[in-house]
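Written below as structure tokens is the structure these notes are about.
Chain lettering (A, B and C) follows the sequence in which the chains are written, and residue indices restart at 1 in each chain.
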Amino acid sequence: MTSGFWHQVRAVAHRDLLRERRRGDVLWVTIPFGALALLLVPLAIGTDAKLLREIGAGMYWVIVMLFGVLVAVGKASRETQPQQDASSLLGLDPAAGYVGRTASSLILLLAFELAVGAVAVGLYDIDLLGVGWLVLTLVVVALGLALLGTLTASIVNSTSAGTALVPLLVAPLSVPLLLGATQAYDGLRYGHTIVSWVLLMAAVVLVVAMIGVLTARPLQES
Amino acid sequence: MKVQTRVRTWPWVAIAFSLVVALALSLVSPRDDVQGELVRIMYLHVPAAWLAYVAFFITFLGSVAYLLTKHLRWDRLAAASAEIGVFFTGLTLVLGMIWGKSTWGIPWTWDARLTLTAIMFFVYLGYLALRRTTDDQVLRASRAAVLGVLGAVQIPLVHFSVVWWRTLHQPPSILRPDGPAIQDPLMMVTLVTGVVAFTVIYASLMVKRIELLHLEEQLAEIERSTERPVAGEAVVVPELGRNP
Amino acid sequence: MNPEPLISLRSVGVRVGSTQILRDVNLDVASGDVVGLFGANGAGKTTALRLMATLIRPVSGTGVVLGADLTSAERYDVRRRIGMVGHVPGIFPELTLLENLVYSARVAGVPLEHAQEALAAVGLAGAADRLAGASSHGMQRRTEFARELMIDRSILLLDEPHSALDRDAVDLVEGLIERKAAEGGAVIVVSHDRDRIEAIAQRSVELRGGTLV
């Protein structure tokens, strides 16, 4: 009698997006914080326009990596044990829960990337080259971070460190996404092929998605 | 319950012997034409790097085995190997930086292998941090196993990304970090002996660390099986009550 | 021939970390049973309920709930038939009372219109659009009872069901208990209100020293 897997995925994603809409953590805290970080960098390293144009894309992706994790972590940290128990007793498939949480994180991360990206373009005078590839990169990076963040949040769930440990776990594992994104932009800038970088990022997405779905049930063990 | 009482001493003997042999050979092997005496750091740096990769691979295997069998012995294997791996990784990085500073004047060159090693260091540091925050044995084992698999599966992707990245960006115009190829047979023998010696050290440390983890678990089991009050018995009638 | 009990625990022990909470628990709960579970603060009553809800694995003994071994993967398959209302609400404060029920209906595969009906049945139709976080504890609990009305459960586990409820809501809870028992389900009620529970339960058990007496 339990509803279909994708039905449950949609229910969880809808629930989390609704909660975020009411709380506004991403819109009112994480995005402004990311934008502020972009503003602080030139204050520290100098405001030479040529230098900033050179490092702008890289700085943007670093901000996405480091702050984007907070998007996945913030949500997960707000699910209490009674809430998890109630969802479990509704017959929620742990894998559907994982995919649903990832889906809502993906949407929020895309919003984060777009908002902070606009700030980066403005402050660092970044050229928007190969819009199609750029959009694909944004989506793949957001998906990779969403998958990684949601999985590691499940791993640290009910440990004493809680979600504070998630950024430390996610950051080194997201290096292929960081390098893929920055090298893809450089490739567009200098006219090189970027297919291999996009494929590398897609491989990260595939690997983490598989591990996340396969380990969703064992990770729910208490 | 059978309690292990015999503590093995041969691993310490093996470690001491291997260290002496490796260090002695690295001191008697000839100096390099280009690197001079600094080549001797390589006889420790390269084996340490080799062991770091081996150790993390063993952690991966132990993690997979635990997820499949739920036997805690595999968790002990994975944990011990990760601890030793983090040590060897740290050693690799430090020795590499000492060598780099002495040879090129800068400790870090963003070489693909060094960069990958640094990333691996943080991945497994996170693994150890996760283990420290989880008291429950089974919970710790299952969470750590998932992270052990995730970390290991990601490493090849990290490796590719870093190698491609360094390939695109021109290497420094000074000496390459891996140095010239080894020509002298004694140098080759020294290097190989170093790798063998470090492998013996790794294996010996693993034996001792797994032994220690097993003893800790046996102690915990003894404490659990001893008739002790359940948690609820700590709550008693309050002293402050209503006046009769 | 006696049917299989819905819950069967034999010498079950539960540990959290290195702390023993339950030891040598034996209990059979048959179809139609209403069992009162009492005990001092910290005795492990909530742990016992979570065990029977298949949310915790025992470290010793044998536990079978709705035919599923508590140590096997089968326990995931029966969770949908177990309802639990804990003393800490398991609803989302950022969602309205109705949205919480709609979420539950979606996940459990229940028609969405049942959510509105269930909310009305517990007397909260007029507060459907109120945020759960802005609602009183009693209203949140009523919402959880609405969820249990909406979903077909074989076992109902209630942790302090009377707390924070007004008289009408208390009658609602007792009506729910009686209805579930009449339908052939089983109800376990944890409470400090011994008189009230013993009036509706067939039997009572007490948790003392980590075991049921």
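By our rule, contacts are C-beta pairs under 8 Å (C-beta built on N, C-alpha and C of every residue); 3 or more make two chains touch, one makes a residue touch a chain.
Keep in mind that this is a model prediction, so the values were computed, not measured.
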| item | value |
| --- | --- |
| Of all other chains, the one whose Cα centre sits farthest from chain B | C |
| Geometric centre: closest chain by C-alpha means | A |
| Approximate Å spacing (C-alpha centroids) for the pair chain A, chain C | 37 |
| Whole-Å gap between the CA centroids of chain B and chain C | 47 |
| Whole-Å separation of chain centres (CA-atom averages), chain A against chain B | 29 |
| Of all residues in chain B, the ones touching two or more other chains | 135 |
| Junction residues of chain A, two or more chains touched | 221-222 |
| Residue numbers on chain C that touch chain A, as the complex places them | 50, 53, 55-57, 73, 76, 79-80, 82-84, 86, 88-92, 94-95, 99, 103-104, 106-109, 131, 144, 147, 151-152 |
| Contact footprint of chain C on chain A as seen in their complex | 1-4, 7-8, 10-12, 14-15, 18-19, 22-23, 80, 82-92, 94, 217, 221-222 |
| Residue ranges of chain A in contact with chain B within the complex | 151-152, 155-156, 158-161, 165, 168-169, 171-173, 175-176, 179-180, 183, 186, 192, 196-197, 200, 203-204, 207-208, 211, 215, 218-219, 221-222 |
| Complex interface listing, chain B residues touching chain C | 135-136, 220, 223-224, 228-235 |
| Residue numbers on chain B that touch chain A, as the complex places them | 67, 119-120, 122-123, 125-126, 129-130, 132-135, 138-139, 142-143, 146-147, 149-151, 153-154, 157-158, 160-162, 164-165, 168 |
